[in-house]
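If you scroll down you'll find the structure; I have some questions about it.
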């Protein structure tokens, strides 16, 4: 199933898929004008000449463009999957065959293979790590103390990864700079909200083909991903219930017109449950017990532990696949619960992940975040750093320009007014 | 590619797909409680004993349940595709292999095969025709005058088919009763609006994976299908422009918050165009000329003539497939136009058609419409008949019950008030 | 409080308000271009020369334009209020003082005065009656048999009035033609939905100044008025619950994303209740009993009997006005219920009724409906007649034109296609 | 028009309005459970004993509750208006007559009176200033250097005021701590978004009674206030155009489905313009020139300089009042522009300001912000301080509790997971 060429090590499903992958990568490129401009500049300036780089990402058509841009900038880059179920095998094949980028990623790989790929990536002795969920960095810190000297820094894509990096920093083990890509406005405003929103519902519909209109949809968590998911579920006609642990987000959901309930009250009412919390076991045994017969549960948070599938499994008489990515757990209580995508990110398991148009900005942040680390090598404190505001604004400006949208600029008079405090009522 | 058994003629892609089809049909059944109840009653009452029936439908998991219900009611039924691109080959296989229903339908069949299947169906000498777009009835009237004596009546599923039947009636060639299933509230309110709405956007996203948020989406036609499509496009974050020819629908679209423009002004602004008019050539050569580079066009109306693809083709230097169901026309003017699903119903070409939950009501109307024809054989005038209001209301009542939703009933006092006209201010 | 001039009988609050009324009438005229064009034509053609006309309407700035148009057309018209609480006294004054139209209407008039005004109107011996809720026609039929010979016909504005006319026709007492203005698409699509929607919420906010966002709003009835009210309540951030007696409308509400409950379950959950059913006592004693402390109830249906205020009053220890149009019923169970506008149409009691832009189309239908009656005098059967489709379409076309909105027209090719039934797949 | 009692100096319109004010204040209290709890605690703990306090606020029913709570806490408080047009005279009267709080505020007072009231307030030699737009603090710093020693600190309510305080801090003149109430999540998420959203549209409808459905509404600025305004305008059926100067906010508006245009392109398309930028002259002469005849403009930002009314006035042949708070500028170019509320905050000029339910949280932040200043007297650096997160969360928790809404809490297991970084894929 995997292959090794003399000049290029890799593990992908089937190099024969490269043509399809090439076609799909090309298609995605149409909606990624910002990253294209960055790649063109990188190709001239070669900011990553001599830099070994590991990118741990969902291996999608959009990630392909990031990898190609980094390579154009001179990086000696290796790409691995950030999730066992999210790899698009045709894309992996094309990156190897058409772009000579070493990829180690196969859709459906088991956890052992996943972890082996992480170690292969670390064997590359990276100077820069692009991480998505912090698995590579966590492994580095735990097992490769001797490689820390190689590290210039890391960039992190997800809310989940940032939570882990903060915990590492608190524990004193984060000894190099980490760029918080997730924190950039041009990332989380768009990727987490509009990207997760559309692609999560897309994944659910592809997996089930159920009508959303009139369904009671329980969105677990009302962060940026939850907001986007709730908005799109409502946009498709669902009646949305939100559960939260944060009182401010809870009132926000109320004022946005959603019902807010604790999970124990939401569980018996929902037709469909979507977890987007970044936490673990937000739907547990006691909740599965009281669900309607045929309730559908899925996850769109980073890790596959938001649903307590172990608890669910222990209640099941039988588990059978009823459609691709759709498994029915027949419970001892006579009801059934339907689990999508084995509890992994449903938008990547059953659909194609975030649309290119949002990943364009997210990966522009990744590319510029890596450049920032390299340019400021030695000058950044260990710990978590934001993307500079100017970079964030520049990405937005390039994006608007590419969309053909013009906006206003401040007049001289207005700039002066903004800086003054003496004129009032 | 096709097969013939001694006891059962059929033409399907591959009987080996039956297992997958069976699984998917079973899944769809969960959301079709109304049709299930009707099937159970039919199995006892056998209303179609001795009746030869032809059903010309999109061969989907939902249609499977209709066919099974009719057969349970005693019908000697043959099923053919109502569209060359909409057949789900696994479903066709399962109906033949598991239910012994003769099916003549292969996804992607050419027009010649399509028409041959219509003739095979008519060779069955049907008493009842379930039609979807009026192709079988039109062929009957044109070529099989001698079979008219066999006919009890027809039922018609679509707006398009009803328009054709009305024209036939005007021309004096509709000499038997036709039940207007489309007209039932429990059909067009739900199927045309919520069904078309969700599944059209689903088809577009599966075909392209583009982000809808922030796109200018032009919805051509603001009938029930157009209303649903516009609503869901907005629900996914698009900025929707509507074009219309009817002034009342046009103001309705304005008041619903959409921009209304004539097509010549909409054409240069749209990122994505969706036709749902039932008419022909609603996007023509002069419109393709002024579209943005990379504009995407597709159709969700019944026939594949809403887009003038002949005109588009004549302007193209090159046509290439860039993703499944996605073709790029590179024009002589240097821009490109992307056509989805060859201009056929995008929800059936690139996705799975309407979700089961709406087809449950539509096909309940079909099943009960056929029963109504049989029960009233000889008593119905030639022409177009509505589904009786009580049938419509009963379907709604069964559906609510199945969804676990209770509603109010009138008190004695209120009934009396409704019937009186004497009490006022 | 009332006044009589030698040359003009009338009963209005204060002629001194005429200047304010004139200003406000002029303002409303900006959004009524269709009625303005009709008035200009009437002024030339004088279709109502020699016709005695009674208009029973909410006396608002928009009604003023209708009355002025009718008078311009030669009508000898008398205007009375269709509701004791809906009269705008400044408008009534201006119509008398500036336009010499006899008006009998005072905001807050008691039921006795209201009924006396109906009799004054009938004393005018009308040939045409414009009715709004059917009070004048009902009185005519009950008490003025001898005047029936004068009658050319009536036009009716409301769903409620049409229900009464249908009952009258069933009982054989409707012996002249009645034009169903409410049924025109350019009336009920816009007036009942967008007009009632906005103005009902406007009335509630003016009466209470409560935040809608996050409130549980129970909309009782999901006809056109209910649909508009539910849509606007959601548009302001409320979580909307719908109650219904019709199963089809109930599923429609479900698919639109609302919760549907029987009133007994909705009553304890609602923060605000709005009735729009056209029926009586849709919120009754048993419902008031279980409401939250401080629940707010109001009505936007035609008559003031949708709330059973007699039952509520019998449960109250004390009733006090807590803001204008806002009364608190302190119940014996220790909780309170707040009633707005005494249960009368809240949009007219506490706000200014429908915005001019929708009344423009409604009253265009009224004006043209009256002209239709006169032109077809003697040729229309007794019973209920629709506004001709062409008239409906013309109104829509004039409106679009006035809004500066262009739409498409069918090509020759498309017209031919629409009329043909032979071309199919 | 003003009055002075022996024991209490004040300037209000008419003490005779106190009864109405008392009634309305009481009504508002129903939706302010959080501030009520704070007031009850203050009454026991007297945190402001011996403290002289000046509150410069919109004198509304909600502000009344803040003033009463501060007085209950022992404050020697004086209240002045923060805007010449926003005072509710009945509330001012009740605060004086019923609560013995000195108020200096009259609706419609001229700028001279406004400034005189600021000086009267400063004559009170405040220790704490609650400011709304920074007028009192700016005057203090410019004219009362000798009083700086009295100052413990200030709290600021608005985005505008914070911008001014930042400029003051940059210029080195802010020598005491300022608590940024606006920055609290329980303030700006709710007040600026849902409060401004509903009340701005409310003000516009009361001033004009125009139908929003189908109108092109231009929202100038897409900060929190702009987001809320755009959302509610769309919720009422408008087609919303957004203008911005910030590229990130601009794309956010695009992705939210709005059209984004520079003002020069938006100006000729809008039917209604609403400014919410905090900047000056965002609609200027060149924009008024190209507007449609009859375009309506208004402001919901803090100061009345967002519209360049001087430029507009210079183009006008005539200015006349066409409804209360509604003035028509008849321009030399033959068209007219309608200005609402003289360009002052339309929600306070023509309606009643933010609903109590949001001000409950905003003013809870004000009350607790003042307490925080007093408790930390001498320990806070000069400059701008946030409301502590715990305070913010507590307010949200109290609010949810008062609304009867329960939320989830983290399990032990989840807390541990959140703090750990070792478990990954």
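Should a chain be cited, it is by its letter among A, B, C and D, assigned in written order, with residues numbered from 1 in that chain.
The rule is short, and it goes like this: a residue touches a chain if its C-beta (ideal position, glycine included) is under 8 Å from a C-beta of that chain, and two chains touch if they have at least 3 such contacts.
A quick note: this is a predicted structure, and the numbers were derived from the prediction, not measured.
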Write down the chain pair in B-C, A-B or A-C that repeats the interface of B-D; the criterion is over half of the contact pairs matching by residue number. A-C
Selected interface, C-D versus A-D, where C-beta contact pairs are more numerous: A-D
Cα centroid separation, chain A vs chain C, in Å, comes to 53
Taking the mean of the CA coordinates per chain, how far is chain A from chain D in Å? 38
Using the average of all C-alpha atoms in each chain as its centre, how far is it in Å between chain C and chain D? 37
Residues of chain A whose C-beta touches two or more other chains: 194, 213-214, 234, 237, 251, 254-255, 403
Chain B to chain A touching residues, read off their complex: 23-24, 26-28, 30-31, 61, 194-195, 197-198, 202, 205-206, 208-214, 231-232, 234-237, 294, 321-323, 326, 351-352, 354-358, 403
In their shared complex, at which residues does chain A touch chain C? 213-214, 234, 237-239, 251, 254-259
Residue ranges of chain D touching chain A (in the complex, touch as defined): 82-84, 111, 114-115, 133-135, 138, 142, 163-165, 167-168, 171, 185-186, 189-190, 193-194, 243-248, 250-252, 254-255, 260-263, 265, 279-282, 303-304, 392-393, 396-397, 399-400, 403, 405-411, 413-414, 417-422, 424-425
